[in-house]
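The structures considered in this document are given below.
Consider the two complexes below, in which subunit A is the common component and subunit B and subunit C are the respective partners.
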Partner chain A sequence: MIPEISVERRKNVPQWLAYGAPVFTILAALLVAAVPLLWLNISPIWVYWELFISQPSTIGGVGDVLTTGLPLFFAGLAVYIPLKAGLWNIGAEGQLFVGAVVGSAIALHVQLPAVLLIPTILLAASIAGALYGAIPGYLRAEHNVNEIISSLMLTFAATTFTGYLLRGPLQGSGGQTATDRLPDVALIPSVLTPRLHVGVGLVILVGVAATLLLNRTQLGYEITFIGSNSTAAVQSGISKYKIYITVFVIGGGLAGLAGMVEVAGVHGRLFEDFSPGYGFTAVAVALLGRNGVGRVFAAALFFGLLTAGGTTIAVTQNVPSALIDVIVALTILFLLTAEFVKEHRIQIGSAGSESAPRPEGST
Partner chain B sequence: MSLFAATLESTVRLATPLLLAAMGEIIAERSGVLNLGVEGMMLGGALGGFAAAILTGSIWIGFGVGILAGMALALIHAVICISLKADQVISGIMLTLLGIGLTTYFGRGYVGQNIEGFQRIAIPGLVEIPVLGTALFSITALDYLTLLLIPIVWYFLFRTNIGAEITAVGEDPETADTAGIPVFRIQYACVLIGGAMAGAAGAQLSLAFTNFWGVEMVAGRGWIAVALVIFAQWRIFPLLGAAYFFAAIDALSFRSGAVREWVIDTVAVASLEPAFHFLLNPQVMSTYPYILTIVVLWYVMRQGNLNELGAPSSLLKAYTREQS
Partner chain C sequence: MDRDHAVRMENITKTFGDVVANDEVTLSVKKGEVHALLGENGAGKSTLMNILYGLYSPTSGNIWINGEKKHFENPNNAMDAGIGMVHQHFKLIPRMSVLENIVLGERETTAQRDGIAGYLSQLFGRDRDGPRNQLTQLAEQYGLEINPDAKVWELGVGEQQRVEILKALYRDIDVLILDEPTAVLTPGEAERMFETISTLVDEGLTVIFITHKLWEIEQMADRVTVLRDGKAVDTVDVEDIDRNDLAELMVGREVLFDIEKQPVSPGQTVLEASNLHADDNRSLPALTGVDLTVSRSEIVGVAGVSGNGQRELAECLIGFRPLTDGQIKIDGEDLTGCSPKEIIDSDVSFIPEDRHAHGCAADLSVMHNAATKVYRNGGIDSGRLLLDYTSMADYAEDIVDGFDVRGVTEVRQTPAGTLSGGNLQKLILGREMSRAPSLLIANQPTRGVDVGAIEHIRERMLEQQKDGTGVLLISEDLDELLDLSDRIVVLYEGEIVHETTPEATNKRELGIYMSSGSAATIKEAPAAEVR
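Then we have the complex of A and B:
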């Protein structure tokens, strides 16, 4: 008898699987990521100890995790909120760049006291990001142009154009492809440790606002309704046009804000590589935390822990920080696998014993 | 060499990786599987090819390993999207992220090394043709191979039974399945061919264009290849035009200084000079392919929908056989 693998759709997802899936996927990703570490003769146990135990046990380390988690959380929401309406915003990175560029340009050229300047640049960055995000939203709403492709293309347009600005109009006096240092009044002050800026307070504000928006408002209800059944939602009088543009505007605004906070809170100047791909990791964040704003935050902290720790061990111990990209990608690839296991019952047995034999290729 | 001839020559060589990767993506997408991991697969091919060429001393073995590296990454995508029926968008983006991470990680040891890559082969006689001669008949073996591959892929997709079966699977897998076409096997094969061609495109970059390995050296060409597929409306000959057009923009931006001077001298309107300085800046020119893709998409969508545009109807939809 030939053993046959049979796959059926589960009727109910067991509780332990629903909650355990993210944990299992992270563990599996860490296990597989140990292979490249061993390849370079680095102890994975030591690396994971540094990442998950040593780093969060110092105040500076916590500061790093929080400041790295912030852009990941905001950009994660920039993907998550459109996802609630059934749309993919793959362009958070571009919206983040546009926000950072506009905010930095204002910070460099407008003279205002700090109490006014910081809110101004953050607001301007949000608006710029929102307008940039509105483009794929509008194209999808009005002309049904695929938002995945347009938001992605706009990301590359934005990052390339930033390269132009940093070699031209916005280039600083140092001759590098970077702006001058922003004036001190434009920098977000730090608390407790130089590595933690007060901008982190925005996390609570944005987190609460996003939760309320999605769970307590008419707009949030309409977003979720469109996302779960757009035909029924339209029939009940909800404007798809309005919702599609709105989610992209909100998402773009948050991504733009993230970009400016990163510049004004962490780097103090704008340069080409100021974002280690936050907008792309954000897709992973939104996916890992797909069941609520709180979980998006948890996912952002987890990837923040990895990203911040990865930078540190890259500098101190010569472990390539690209390992972090590998872990992030593996986590999500395993998550996709786990989704399948969650939704399907897989049985390995001899053909014809329990389920009806199926023709080849049915798996 | 005149500015025009020089630009034409680099256009042909710059089009090779775009053509290879985009043809592979057309094959994969026509079977209904979108693979956004082209950039990652190209990086895999570039590093795998370069490393193997250094280790074995043979650029042809390197090229073969580059192809295998692209296929290995594509296999992950195929299993996750075809067998496990997961979201193609997410899987593809994560594949790119994985490719960037893995190649940056393992490529460290190869940064700074150089290789004697594929050399130009001049075809006697033909190379003497003015202007076109050096552009078309003094290129590397891989460039010739790619040019040869174009009519082959076209014939394969549009004039053979297998090509028709691929289209059937991409348009309506259920009917195809009923008709006895092995849906899953065809999708797997198409995604793997796509990976092989993306790997080849990457290997061409490191073995015949730059002759070194650099971190993220593919520099967005994988994404442009994805854009080109839409631009070309999933067809081979429009792809040829589109790839050369995009490659020409790339080639022009390498010579933006000379191009700018030429345009300014030719137009000779002083008030337009700042505009040309901006529009013909190399960085600004690099944004054109991305913006053009959106404009074309928008223009076509105004008149119809994605299917009229030529997109396979079941693109992005995982096929599950109905079970009784």
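Then we have the complex of A and C:
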């Protein structure tokens, strides 16, 4: 039975809830993460200072955060856009791998000037990721196969197949499970600092395009409507078939692009562990930023900050890098808890629904 | 406080944020009476009763039960004080048996325990048949026959409601609150419900029931308290007031009950459906050969007891449900097997039976919901890639103004799900009618909607008819069908068993066709039955 207080709280502080929830989630995760740090005799304050203050105050640090944030942002959108239509794309990681493999293969075997080659490999990677994403979308639309399972399983297929390719057809001359270094013309050039590549410019392009898509286009309207009530949407003449496949194609395309940018912009070659689980962290990014493209970007930067900063302090200060994974994992855990609490409140069913996601297209 | 009153709620105020749901409401219910609580949707009836049942605490005000001042923290307190409530949406567990549902929540029970210990205690427990005997006794006493071992999911809605009532009675209550008890029932079940209420009162209980149906009050209640906009307008003896006065009290103005229907001569045939066959959601045949035509400027009423294929018929006609056989022509064009989009593009509009599940996206704004039928094809987008949200908002505002949709603060912000039932229905109606359809399929357009909105919706349908729309009106409200239709067909077990006109028939005759599918027993019905 509902105590009166919870009903009142929902009525009185909707803004507080909407904006406060992600902040609280993060603060709670950092608080709990302090326990293992203290146990290892590492000052959490120092770690957090390094991560959130020191790192972003150097240009190299900013470059690291941006380059790590980029694949997280794209892969985050790969989860977020299907989520808008009510679908879960858990397979962004697989789509990212497929994009990276196809793009790298072209970069290694096709000779073109940089002006043409870089757009070609990025486009090819997007198309490959989109096609790979289309599979769970199609299975869901046509045969009602659960997209969570199919997209996740396809991820394992993609990563394993990449492992095979790197030991076989695509293996480089060095004998490692990696390709040869991509030709210089295929590498995305750096600006300002060696670790910041110009590919981050794509963030603006993709961010604006995604915002326009969801908030201003007919397609975005249909996606949002399907996601809110698919039966009502279908009865209004919106094709579930079309939308389900479309969101997965767009999502897969963005994930594939993320994979190739990572290879051509950061590593210069494809190897098995080129992605530190970007496609999985992307689920958390999409959840944390669930109310808008801008927030997805903010969430991607936050996780970028953790991932990039974690690598730095692990290397320079001898802090186990697994601890950063712990913080990331805790954030995801708290996120899911926050989701549960939110949904639980909606179920109580008082007149208001302030904690429901704000509809796209609202001012 | 005098002890004649089973319940006295004094100056109850309840606010949710800025919204005042109850404003200084005073309600006195005498012992042993049937007290009705009447009001439009959103008038604060359910809130007031949820306060009495301990679900909400009042912001201010006091409650006396049998002259004793009480303060309820939760429904258990209320039940201890002898208050029971049956909600509109049942709170039963489908997988469990009737008996298990009834004893659920009781601490001392041997009805259901797991494992060997449970089995033994059932076998040797001293009061192992206690709950069962008590239930059988209650069922007999109140005439609520039910098989205690039936699983709840096997029961019909009427039977489930009986379980809910028994569940309340099992807690030994004095006052029973029923929240719109007949909203989910067929007319036959509703009759039975009324008999139950009579028995309950004969056995000494006090009954409070929430309703917005006036005839129920005339039939059942001793006194009625009318709520309007969260305030108690008046409490009157039912004998002293007539239906029109009650309606006026409820909506604050006079309500037209006899709609003046101007004769309109039908035009060309717009819908031509022949030999429709379709399955329901369980893949059982739901339509078995329906032939139906609707002309422009004609209202064709479809009567029938719910579950005889109405929903499937409507969904087939809009292309949402696949046909297993048959043909659908709209304006002479064969649209059999077409998608909902193609049918919408042929100027067919649709008001679904379930406005929340099928009619709207509850968490999207009123604007989003208003535009679903026009956002493409030049309605809003004027052929460009981008949607024009400014004109979409204007469009939505026109509907909100034109159809008197209340509760909208800003069309872009207010989620459709926060509108009350009647207002949401007006929004859907506005959306479907603003595009001047050639055919309107309306499935239960006024069900669960308050009198003011019903009047509005009916008038709009008649206006639309004059403008040349053909209307297929599926309804369980026979008054509505007789008032609005030009022709009436009766749908019974997936077939049309009778076709007639309002002039040539009456409620009784329709009722016989609806419940038996034939006129076998109709001879005894006097032809000049008063409507």
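Everything that follows uses one rule, which is that the second predicted complex is superposed on the first by the 323 of 363 C-alpha atoms of A that agree within 3 Å, B and C clash if a C-alpha of one lies under 4 Å from a C-alpha of the other, contacts with A are read in each partner's own complex, and residues count from 1 in each chain.
Throughout what follows, contacts are C-beta pairs under 8 Å (C-beta built on N, C-alpha and C of every residue); 3 or more make two chains touch, one makes a residue touch a chain.
This one's a predicted model, so the numbers in the text were calculated from it and none came from an experiment.
Once the two complexes are laid over each other on the shared chain, residue contacts for A:Ser150 go to subunit B alone; subunit C is not touched. After overlaying the two complexes on the shared chain, residue contacts for A:Ala329 are found with subunit B alone; subunit C is out of touch.
Within the superposed three-chain model, A:Gln218 lies in touch with subunit C and out of touch with subunit B [touch as defined at top]. By the touch criterion defined above, A:Thr160 reaches subunit B but does not reach subunit C. By the touch criterion stated above, A:Ser43 is placed in contact with neither subunit B nor subunit C. If you count the residues of subunit A touched by subunit B and by subunit C, you find the higher number for B.
In the superposed pair of complexes, A:Ala284 makes contact with subunit B only, with no contact to subunit C. After overlaying the two complexes on the shared chain, residue contacts for A:Ala233 are found with subunit C alone; subunit B is out of touch.
The interface of subunit A with subunit B overlaps its interface with subunit C at residues 8, 356, 361-363. Looking at the complex, you find that subunit A touches subunit B at residues 8, 36, 39, 88, 90, 139, 143-146, 148-150, 152-154, 156-157, 160-161, 163-164, 167-168, 277, 280-281, 283-284, 287, 320, 322-330, 332-333, 336-337, 339-340, 356, 358, 361-363.
By the touch criterion given at the top, residues 36, 76, 80, 83-87, 89-91, 93-95, 97-98, 100-106, 108, 182-185, 220, 223, 226-227, 230, 281, 283-284, 286-287, 290-291, 293-294, 297-298, 301-302, 305-306, 321, 323-324 of subunit B touch subunit A in their complex.
Listing the residues of subunit A that touch subunit C in their complex gives 1-4, 7-8, 11-12, 212, 216-218, 220-221, 224-225, 228-229, 231-239, 350-353, 356-357, 359, 361-363.
Those residues of subunit C that touch subunit A in the complex are listed here as 16-17, 19, 54-57, 74-76, 318, 320, 339-345, 350, 352, 357-365, 367-368, 371-373, 375-376, 381, 385-387, 389, 392, 412-413, 415, 417-418.
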